[in-house]
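Down below is the structure, laid out as structure tokens.
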Amino acid sequence: MDAPQEPIRDIAHLGHVELLTPRPEQSLWYFRDLLGMEVAHREGQSVYLRGWGDYAASTLKLTEAKHAGVGHIAWRAISPQAMERRAAAIERTGLGIGWSNGDFGHGKCYRFRDPDGHLMEVYYEEQKYEPPENLRSALRNQPQKFTGRGVGVRRSDHLALLCRDVAGNRAFVEQTLGCQLREQVRFDNGTKEIGSWLSTTAMHHEIAYVVDRKGLSGRLHHFSLWVDNRDDVLRAADLFTENGIFIEAGPSKHNNSQAFYLYSYEPGGNRIEVYTAGFFVFAPDFQPIVWDEKTRGGGVYWGAALPESFMNYATPDLPETSAQAGGNLPVIDPR
Amino acid sequence: MDAPQEPIRDIAHLGHVELLTPRPEQSLWYFRDLLGMEVAHREGQSVYLRGWGDYAASTLKLTEAKHAGVGHIAWRAISPQAMERRAAAIERTGLGIGWSNGDFGHGKCYRFRDPDGHLMEVYYEEQKYEPPENLRSALRNQPQKFTGRGVGVRRSDHLALLCRDVAGNRAFVEQTLGCQLREQVRFDNGTKEIGSWLSTTAMHHEIAYVVDRKGLSGRLHHFSLWVDNRDDVLRAADLFTENGIFIEAGPSKHNNSQAFYLYSYEPGGNRIEVYTAGFFVFAPDFQPIVWDEKTRGGGVYWGAALPESFMNYATPDLPETSAQAGGNLPVIDPR
Amino acid sequence: MDAPQEPIRDIAHLGHVELLTPRPEQSLWYFRDLLGMEVAHREGQSVYLRGWGDYAASTLKLTEAKHAGVGHIAWRAISPQAMERRAAAIERTGLGIGWSNGDFGHGKCYRFRDPDGHLMEVYYEEQKYEPPENLRSALRNQPQKFTGRGVGVRRSDHLALLCRDVAGNRAFVEQTLGCQLREQVRFDNGTKEIGSWLSTTAMHHEIAYVVDRKGLSGRLHHFSLWVDNRDDVLRAADLFTENGIFIEAGPSKHNNSQAFYLYSYEPGGNRIEVYTAGFFVFAPDFQPIVWDEKTRGGGVYWGAALPESFMNYATPDLPETSAQAGGNLPVIDPR
Amino acid sequence: MDAPQEPIRDIAHLGHVELLTPRPEQSLWYFRDLLGMEVAHREGQSVYLRGWGDYAASTLKLTEAKHAGVGHIAWRAISPQAMERRAAAIERTGLGIGWSNGDFGHGKCYRFRDPDGHLMEVYYEEQKYEPPENLRSALRNQPQKFTGRGVGVRRSDHLALLCRDVAGNRAFVEQTLGCQLREQVRFDNGTKEIGSWLSTTAMHHEIAYVVDRKGLSGRLHHFSLWVDNRDDVLRAADLFTENGIFIEAGPSKHNNSQAFYLYSYEPGGNRIEVYTAGFFVFAPDFQPIVWDEKTRGGGVYWGAALPESFMNYATPDLPETSAQAGGNLPVIDPR
């Protein structure tokens, strides 16, 4: 049993994410032809994608839906026992849904919602990628050949969610998943938690919760894909401009995380970040960084301040009034 | 108690390394003026150095000694309890030395030797870096100002040790420290373990064991420092050439780890790698990659094959006959 | 005599530029310690600087003056005869000043003003850089050792001038110096020339004229220094932020020239660009690109639109009313 | 008339090159799918290619032939008069062939051979590239959309020829074309000219002559394509390795030219360089750099010494004995 003062280390990493799109063909073009991802599988209304450096069979599931947004978010446990421990911990919170038989690429999983309603799951068994002959790498430790198509994103990295109550959702993933807090934005003399960035690995963050200014729930701020070099981010800027993809911010450097980034909207409407660098956290006693109104500045280390849309736009892009009408949860989960 | 089938996750990361040098002034010039590290502290015959992005007070201790080589290697535990557990596990192997009161930058530690005689320690308490005014960063999540001097290495990354028995030393750090095996070179139909690369974090490797062709023990193959961009590795090549530093190999890309590297000899004789990229390992069931005579090739993905000296030279650079004379352990530890 | 339809090819390149600063010590710190330039010579109120890759003894003269701005702009002829031809052509315009005996680093020159009053000169004899022992490069075709200090700008590249009448000044350098027009911004259905970019070499531009919104004359918009890699521009952004230097725009990519840029203000007030890439022009019949209100957009290919200050601020930073009071020419030339 | 001491400035730049290949389909795959060039035109046994940043309709003609090698080399004059002047100067040497009506992409030209027999031409009229709708760039000063396919070479850059008599061929292009000597390798106390690098623009070199160790004539050492960033050279190394293309040398940095390079063999057998950086020459009195046995070293600034094949292999790859049999000129020109 874990001693109370020791960290929970049951989650290995953010495993995969499902994005919803009302324009599946155009979204697929964006992820495959511009970002350079590969299609690993198709099933029903979904296409399963992967970066050339992903070891799992698929890390991004793209599903046709009425509205854009995030379908579900999957965390991989470090062992079957760890999965069971996490499921039990979640069940105690009353937010559990139950066991599922899995999906393409992974085995059984325990499904649940975070307090804001985002659908999540914990799983352990995962299918490794077995490339077809034409995608076999010359290097035996690479899961797939680097194809040189488009941006060439290496792997799925992290995501940021909007929510009504940052503190509540942040505490939930800390306590049930063992996510470690890395950075926070707190306004009003620290009393109002505006955003929190957390991780279960050495990567700066795997998940962020940021307050939803519209008061909606279950929404996605952005999903992020990793490239190895800052030049690849600049390459993405060229390709997006040449192909009519809206660039919202960057290429620039975040203050929070120190990462080099570019935000665009994929044709289905979801905000997608091409991302690299940033600092790693190895120290078990890392003290979370807290930013306030003054220190946060425009959210950037250098480069233009983040635009207003960055604070306001999210998917699904629903009117504010829908918050009063009972929330938007049914829209988020297409099944 | 850990269930047998679950991984040990008690070590947070490789904490710091002590290098020995017979030419302390010139070695300091190399690390400070060319690589761009900062001096955090001086004590006795030692200078304590740090990369601008290291969160610890110091990650590289440089100590004057008769011969070059590695002084000691320190692993940081995730908690005081984890430190105790590791100390107990090591003690059971008979290779434990005992508790020490610590050193500049960290608290008490448990000292031991690996089977090949390299001096190691496990500690938990660590002093965070508090920059003087002139080295305070504009960014509150950076431990230190980026100074723009020389190569500008960000942080200490990993090291590679030579040893007589790779399998034995590899198994020792797996079983006592919970290091995860990432890649191996095995010759003679897999019967002869030539080298093994292991890690306790998501980084590809923190420690490597490679067979010592001279049959000596306790030697260092190389110590490695991280830069954020491949351009920084190329920058190092320019600076080394302009300053008469011997470049042994690279800039090039490893097959093992896929990292981009440059090997040079610091003036004291130790082989130092400037290093970036490489793949991360998050999967708890990552299957170690095994290379053989054929697949290994010249040890590179592209770029020139690694030269003979890379296979033969290590520090201390002692004659082969010293192996028969009882080993070189006394040389390694200067105290 | 030149046949009318053949281009004048008498100017080899923009030779050197003199910048004025009311804060000489701080400006020197910026160019030497942050940008990494070397001091080649000091004389009177001037310091003569150079990038590590400049073949000339000095390409930037920094002179103490009451106001920031540009002192003079020097063009190098391809031969003594070419210098004479250009002097004769300029003399015919009535804007000539006369022959001067030269300055540190170059021989006699013919001085003149462009129609807007900026002081210029044409010269041929130039002193090559002879590095002191400690700055001698390991590579015999490099004029100086790469020191790895700060940004490490390679060489002086180009400058942009504000003026009252873009068309008149543009035509003047075309006709007297043989500058080739590369790109233009024209508003009001092409009737109003807002800015023109010209060059005498394969580089995209060496000089630009942009309309002075305040109606002043003789002012400098920016002076630009070349780095070899986009990573060096990003490095500059880090160093400027860490050292309290105001970044006005970038890192980003221009639409005009396609170059990757970063604009900052040196402590004396002059706007300085760190610059790389951009396209080369080799074709003798290159058709100048014309942008209008719509196609110009924010002046960027990607990245944030250029801020208002970019349109309004220049050095010397004088009040608009000084235009009525007879111009600011005496301020520009400190002698 | 040009004064004797003034440089000839009649050639604008190296215009285009024709490569011969015995494996046209595989060569096309290499240039189009791996290097990312576009097919602009097809005619007879030739495919006309272009880099995305080439302003001309085509800069590389790929022609099926029995042996690999260079078909012809075309220089663009700065004006029709300059073309006539160069034709007259060449005719006086007795190496002229005569006027031709041109080819796809350019107007009439004067054809000749250099003393070693390489077929050359001078032309003025050139067809600018008019992209089809799907290749139109978002940026009006870019000739073509950046497609993000493969390496993404921007434009054709230079070539290196082998010859029996370096001094004679070097003097020929200096005197008839006005090429400026940039660097030389001279052995045996300067008496034996081993290689010379020359240019008509600010680029370091457009043509090189290197001694043919086999004593053959008319052969090609390599053809070189420009990329904007060193990361693109590293990208090429990845793509070549993944696609079974032989990498002969690099990625590394030349001492001569300071450029960053990668040499591979395209499937037809020609050595192709992916190339960037290097220094520009603007000074009209630039003193050519001379290297000897000792200073040349392995031909590199850093990185592995150039391999033996680099000194010996060229196209066509004919046996040494063919030199005695009367040379290989008929092989070079397929028409």
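Here the chain labels run A, B, C and D in written order, and each chain numbers its own residues starting at 1.
Here, a contact is a pair of C-beta atoms (placed from the backbone, for glycine too) under 8 Å apart; a residue touches a chain by one contact, two chains touch by 3 or more.
The model shown is predicted, which means the values in this text are computed figures rather than measured ones.
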Starting at chain B, fewest touch steps before arriving at chain D: 1
Any chain that touches chain C and chain B: A, D
Chain pair, A-C or C-D, that carries the greater number of C-beta contacts: C-D
Intercentroid distance (Cα basis), chain D paired with chain A, Å: 48
Inter-centroid spacing, chain D versus chain C (mean Cα positions, whole Å): 33
Geometric centre distance via CA averages, chain C-chain A, whole Å: 46
Sites on chain D at which at least two other chains make contact: 138-139, 229-231, 238, 241, 301
Chain C-facing residues of chain B, complex: 34, 36, 137-139, 145-151, 229, 231-232, 235, 238-239, 241-242, 244
Interface residues, chain A side, partner chain B - complex: 3, 5-7, 9, 12-13, 53, 55-56, 76-79, 81-82, 124, 126, 128, 138-142, 183, 201-203, 228-230, 255-258, 277, 279-280, 282-287, 289, 291, 295, 301
List of chain A residues in touch with chain C within their complex: 230-231, 234, 237-238, 240-241, 247, 250-253, 260, 301-304
